[in-house]
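Next come two complexes, and both contain subunit A; in the first it sits with subunit B, in the second with subunit C.
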Partner chain A sequence: MALEEGEDRGDRRFTTAARDLLGGTRERLGSGGDGDAIMGYLFCLPNVAVFSLFLLGPVLYAFWISFQQWSILQNSGTWVGLSNYAEVLTPLPVTAEGLNLVVFTDPSANLFWWSLKTTLVYAIGTVPLQIYGGLAVALMLDTRVRFKKAYRAAYFMPVMLSGAASAVMWRWFLSADGVVNNLLPTFLEHNWAGNPSYALGGVMLMAIWGGIGSNMIFFLAGLQNIPQELYEAARIDGASAWHRFRHVTWPNLGNTNLFVIVMAVISAFQVFGIALVFSEGGPYYATTTTVLLIYQRAFEEGKMGVGAAMAFILFLIIFAFSYYQYRHHQSGEIEY
Partner chain B sequence: MDGGRSAVGSPTEPRRGRRGGSLMARSSYEYPGYERSGASYWTKTTLLYAVVTLGALWMTLPFWWTITTSLSQNPTAASVSFIPEAVTIQHFVTLWERPDIMLVRWFLNTMIFAGAVTTFNLAFDSLAGYALAKLDFVGRDKLFLLFMSTMMIPGMVTLIPVYLLLVELGWVNTYQGLIAPLIANPFGIFLLRQHFKSLPSALGDAAKIDGCNEFQTFYKVYLPMAKPALATLGIFTFMGAWNNFQWPLIIAGEQNMYTLPIALFAVRNQYFAEWGLMMAAALIIVAPVLIAFLAAQNYFIRGMSLSGMKG
Partner chain C sequence: MTGTGNRGELSRRRFVEALSAAGVAGAFAGCTGDGGGSANGSGEGGANGSGGNADGSSNESSGNSGSATTVQLSGWAANNEESAFLQEVVGQFDENHEDITVDYDAIQSKYKQKLKTQLGAGNAPDTFYVKGEYFSSFASQDVLLELTSVAEGEGFDTDDFFQPILDAFRYDGTLYGIPKGFSTLQLYTNSTLWEEAGASEPKSWDDLRSGLEAVKSSTDVKAPMILQPNARAWYGLVFQNGGQILNDERDEAVFASKAGVEALEFLAGLKRDGLAAIPSDISASWQGAALGQKSVAAGITGPWAIPFLKAEHPDVNENTTVSHIPTPSGGTKATPAYTVSYSVSSNTDAPDASKTLVSYLTGKEGMKQWASKGIELSARKSHGDMQFYKENPRYKTHYEAGEWSKVVGYGVNSAAILNLLNPQLEAVMVGEKDPKPALETAQEKVNTEVLS
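Up next, the complex of A and B:
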């Protein structure tokens, strides 16, 4: 960011110089600061309109809806205070009598806590493998490998797939008599989509498959930006390959790392389409993630208020995580 | 940031980074003690290629299985693994002929949806990107920050209120309902702003001396120079809309408004275990994107790596 501000200043200095050179021309042409201002607002207007109508406004509207009992027929709500939040959150995992962890293990106790646990398991199981799988591939392809472009294309192919298409494909490959079981040794064969213990594993496998390619691209771009002199200097000081990675590559990938982690976690917490198409939240709620639950409550059962309340709780969790990551990253930033 | 800026150029022009052209990084083997021979070198190289190739197979085999399944008469795990048996195009013919599968309509819906979203995005984002890069007005940098911060809003929070808004407008099950919420995108503004910033302001000043007004300066001078960035953003936006599942699922409730991913989901529920048919349907969605990717690989990869340069 510091660099960018520098450019900004340079750019402005350049413009000012040009204006000095032009003397009064600008005034005469009537395109001075005021003209700039009007055109500037005019040019930004479509985006401001779309963002306030479809992004910022709706966030406030969603907050309001979460306190309403919504009637689909009249498309209006009646104020019910916090009762939507109460419906979503009770029974709480922590009560006066102590911990009540059954909400995490039994979907019939409270589906929201169960779905949060499912989402968390999904995030913990997929995010590290997507990110560090991507980093590993990027490091391997950043060396002098032949057919680099073909390899890169191969790893990138799953990224371009629609979630719906990929879920339908993997449902077939992972079915009881599908291709994957055919290749696996007998003791690893599972009915991936039909067994509550393994269905989430199937979704995670598919997500890891689709997530490595984009992270690989981010890390390849990050690796390109590391000055080669740093490696030269490290070599002269006798650093081994591991030390060059640990003390040159890794610290220099800090920004890429932050971005990749935040994006991967945000999208993991919002996993929806692949879980819906793969197994429709089942079997026995095994793949009911939080956004899938929101979808079912709001759009299948018409409980918009309850859906909005759940969405807001999830929003707070995502926001808290991103903020923590950002602060944590700032404290560990390096300066040269 | 600097890398991001220089990378916005045409994908065909050589990369200006330290690794391009004559500034190619020195590989390990140019240093003493890292000679390109010996048992250790060969073990390492073989291992590297083995791992990379295995990974690449894992990434690409599912595509091959999809093709072989869609071409098999009675697909079973054994018959589709590597070479299909009893090749037939019957599943594609079935998709075409079943009266409840409106293949052409769904394909057109998806084209209209993705095409309109892309067009609006390019128009709106280039206007805003230009203003934020080249015009001077009060609150410009704050506005840019505001645009960027909307990127942090998770899509599922706005899903319910936007749907209810469109119900109020009577836009459910219409093209405008499908398209409207997606016509602006902060990432596009960021990308184009960076690109316009990299172009010299003197061009605009010269154009104004020649009598161009502000809009003509933008449209006739700067916009043509942003073509590579526009192409990157366009391809990326089109692909995103083509694959979008969540929004069309909610707003396109009736069969005649389905886009292809939604149609695939509906067809899956109806013809559940007919895997040959399912894979043929999946292939119809995947094939256009895949062909476009193989034809313009650099634009796709550039778009992806630029979306990682925001921070």
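Up next, the complex of A and C:
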């Protein structure tokens, strides 16, 4: 006890000295005045400069290009107003005559809406499994398991592989006489990459395999931040394993969950590399996702304005979803 | 205390100043570092976009070897040997032209994207490769220098070129590129399997079909033939059957004609009846690999398959025959061709020196030297008796088709047209659509969305 009191007094002395020192510094620099502000700005300057030059600047430039018929070869364009947006969005899924759902079922009607549907199907098929697969693996590896580090490394391995390498590998696995078909009963064998009905499934399988590992890491970090006292208290109150998960683990993973969901949805809406390498958007548009379509329009066909317009529409969709998730999370936040 | 405080204040202030300065310097270092990288990518000799007034040879002295003009040459290289060989050819040019120094720099990946960016930024190499497929989109935007003076140069002899190959680099009648070589697609057959099936070399579409039927019933190949589910082979068959892809004015797509539909029906029929497979059906990445693995007995591909088979599957290579693509009864000879030009940037500071280089590389001697190792076929008719073709008759088969070849290119909007056409052809080959409606859909989309 004497020692603890001594430590406590020592801590207090240290805190007071620190406060004095900071106070003195503030006075010398002009506390709350211009000095603080200038120093703050100077500290921010490198980051702001790099961010503005290499991120914000190009984004604003791309927004400007979305209103132009832009030639990358001549590095100039003609102002066309909203016509790039009109070209991308028409025909609309809803018209004065009613619903025009053919834009989602026939790629020849409007490839942007088709690609958006494909991206949405991909997101719905991959995001929950990536997230809750990652959570399940994290829960398993957060217990006393032998070879825990080896399992963690194994699950994290796909994250370290580039998307292109994964796509090439999975293309072999899923080829007509690949390892997947060899393991499946005959009636389930498919030419996964070559059949429009199954190609997107192949891309989704690849994404789930890659996504579980990265989400596992976030959930493991989240799990290790939950105070053990809460579990001890729950155990004393006679809570079962399910109740401990339901009432302690799950609410405490709220922030991790929000982060993982937002990142997984953004990543799903931006799927590009694996779809390009696995099946180049085909067969017959089966894996033409929105970002792949943007790439084709902008960089293959040279329609930079149309590509930029599509990119900003996609940005708005992702922003709306992320904002909704954030607000939804805030309304359900629990504080202990 | 005061003294200490002053020292402390001074020290802290200096620390903050130093930190800020380091941060700002770091930020600018980032900028200059990036810029430096770009500059290096576009011209180490400083010959590009910055020196001289481009108003004559006397001003083309931005190089680094005394008064010599530096010309930057860029392209891609399939492998190190190709790069080293071009360096050797360029070295010989340097020796013969004391007033010009060539700085050769190969772009190893994403060539077209990088070149487009460089052209847009005004720091493209002086001389570079341009593929026939996207040549028109470059020429239409005034980024290429016209090369009429090269063509009209003494002893250059443009009549010596295979005309379809040379004409691929004309835009509105003006020449903006000189072919550095070309490739044609031909029919590759495994003669052992073909003989085992008792089939002879196919001359017509009917011969090909009956030969494939014999291969199917007599051998254990995965599929008798491999076909890509895109416009590659179909492109040649359309012309063989009397059709066209675009009209003569190149402002309207006409490929959904009877000739185009029949050509696609022929290919789709082979697939439907189990006589041909697409790569994903037989786990092969391309025709050369499928032939090498003996998964198929036939495929339509280019001369790049020969070195591949020689290196990877020497036993199959010995028994691989190359013959002209069979024609329909009453049809004409036609084969898809791919060609690449040497072109000059309209923004070059060394126009005369660049033209001199292009003239040398595509002249009779320069092209002979380039084609002598089989890296590419010579685009000149007078090279038909070259020793290389006597010793390598399979290359000769590819070469002689230059006369009746149809260079693959769809005009100014080539990429946009292909992005509408290929998925429809793919839909046909995987059984999702019938040939006629698929081609009609693609034609209608091309005419209303691209060429309107």
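Things to note:
Operating definition for what follows: the second predicted complex is superposed on the first by the 290 of 336 C-alpha atoms of A that agree within 3 Å, B and C clash if a C-alpha of one lies under 4 Å from a C-alpha of the other, contacts with A are read in each partner's own complex, and residues count from 1 in each chain.
In the analysis below, a residue touches a chain if its C-beta (ideal position, glycine included) is under 8 Å from a C-beta of that chain, and two chains touch if they have at least 3 such contacts.
It should be emphasised that the depicted structure is a prediction, and the values quoted were computed from it without experimental measurement.
Once the two complexes are laid over each other on the shared chain, residue contacts for A:N75 go to subunit B and to subunit C alike. Counting the residues of subunit A that each partner touches, subunit B and subunit C differ, and the larger count belongs to B. Look at A:K303: by the touch rule set out above, it reaches subunit C but stays clear of subunit B.
When the shared chain is aligned, subunit B comes close enough to touch A:A37, but subunit C does not.
In the superposed model, A:V50 makes contact with both subunit B and subunit C. By the touch criterion stated above, A:L101 is placed in contact with neither subunit B nor subunit C. Contact with subunit B, but none with subunit C, is seen for A:I266 once the two complexes are overlaid on the shared chain. Judged by the touch definition given at the top, the superposed model places A:A233 against neither subunit B nor subunit C. Of the two partner chains placed by the overlay, only subunit B lies in contact with A:A311; subunit C stays clear of it. Contacts of A:L184 after superposition on the shared chain: neither subunit B nor subunit C is touched.
Subunit A uses residues 25, 39, 43, 46, 50, 53-54, 75, 172, 177-178, 299 to touch subunit B in one structure and subunit C in the other.
Interface of subunit A with subunit C (complex): residues 24-25, 28, 39, 42-43, 45-46, 49-50, 53-54, 71-75, 107-108, 172, 175-178, 191, 193-196, 281-285, 296, 299-303.
Here subunit B touches subunit A in the complex through residues 1-3, 5, 7, 15, 17-19, 23, 25-28, 31, 48-49, 51-52, 55-56, 58-60, 62-63, 65-66, 69, 76-78, 80-81, 123-125, 127-128, 130-132, 135-138, 140, 143, 147, 150, 152-165, 167-168, 180-181, 183-184, 186, 189, 197, 200-202, 205, 208-209, 211, 213-215, 218, 239, 242-246, 249-250, 260-262, 264-265, 268, 275, 278-279, 281-282, 285-286, 289-290, 293-294, 297, 300-301, 304-305, 308-311, going by the rule given at the top.
For subunit C in complex with subunit A, the touching residues are 5, 9, 12, 16, 19-20, 23-24, 26-27, 30-31, 113, 116-117, 119-122, 137-138, 141-143, 229, 278-283, 413, 415-416, 419, 422-424, 426-427, 430, 432-433, 441, 445.
By the touch criterion stated above, subunit A contacts subunit B in their complex at residues 1, 3-4, 7-8, 11, 14-15, 18-19, 22, 25-26, 29, 31, 33, 35-37, 39-41, 43-44, 46-48, 50-51, 53-59, 61-62, 65, 70, 75, 137, 140-141, 143-145, 149, 151-165, 168-173, 177-179, 181-183, 209, 212-214, 217-218, 220-222, 224-225, 227-228, 231-232, 235, 241, 255-256, 258-260, 266, 269-270, 272-273, 276-277, 291, 294-295, 298-299, 304, 307-308, 311-312, 314-315, 318-319, 322.
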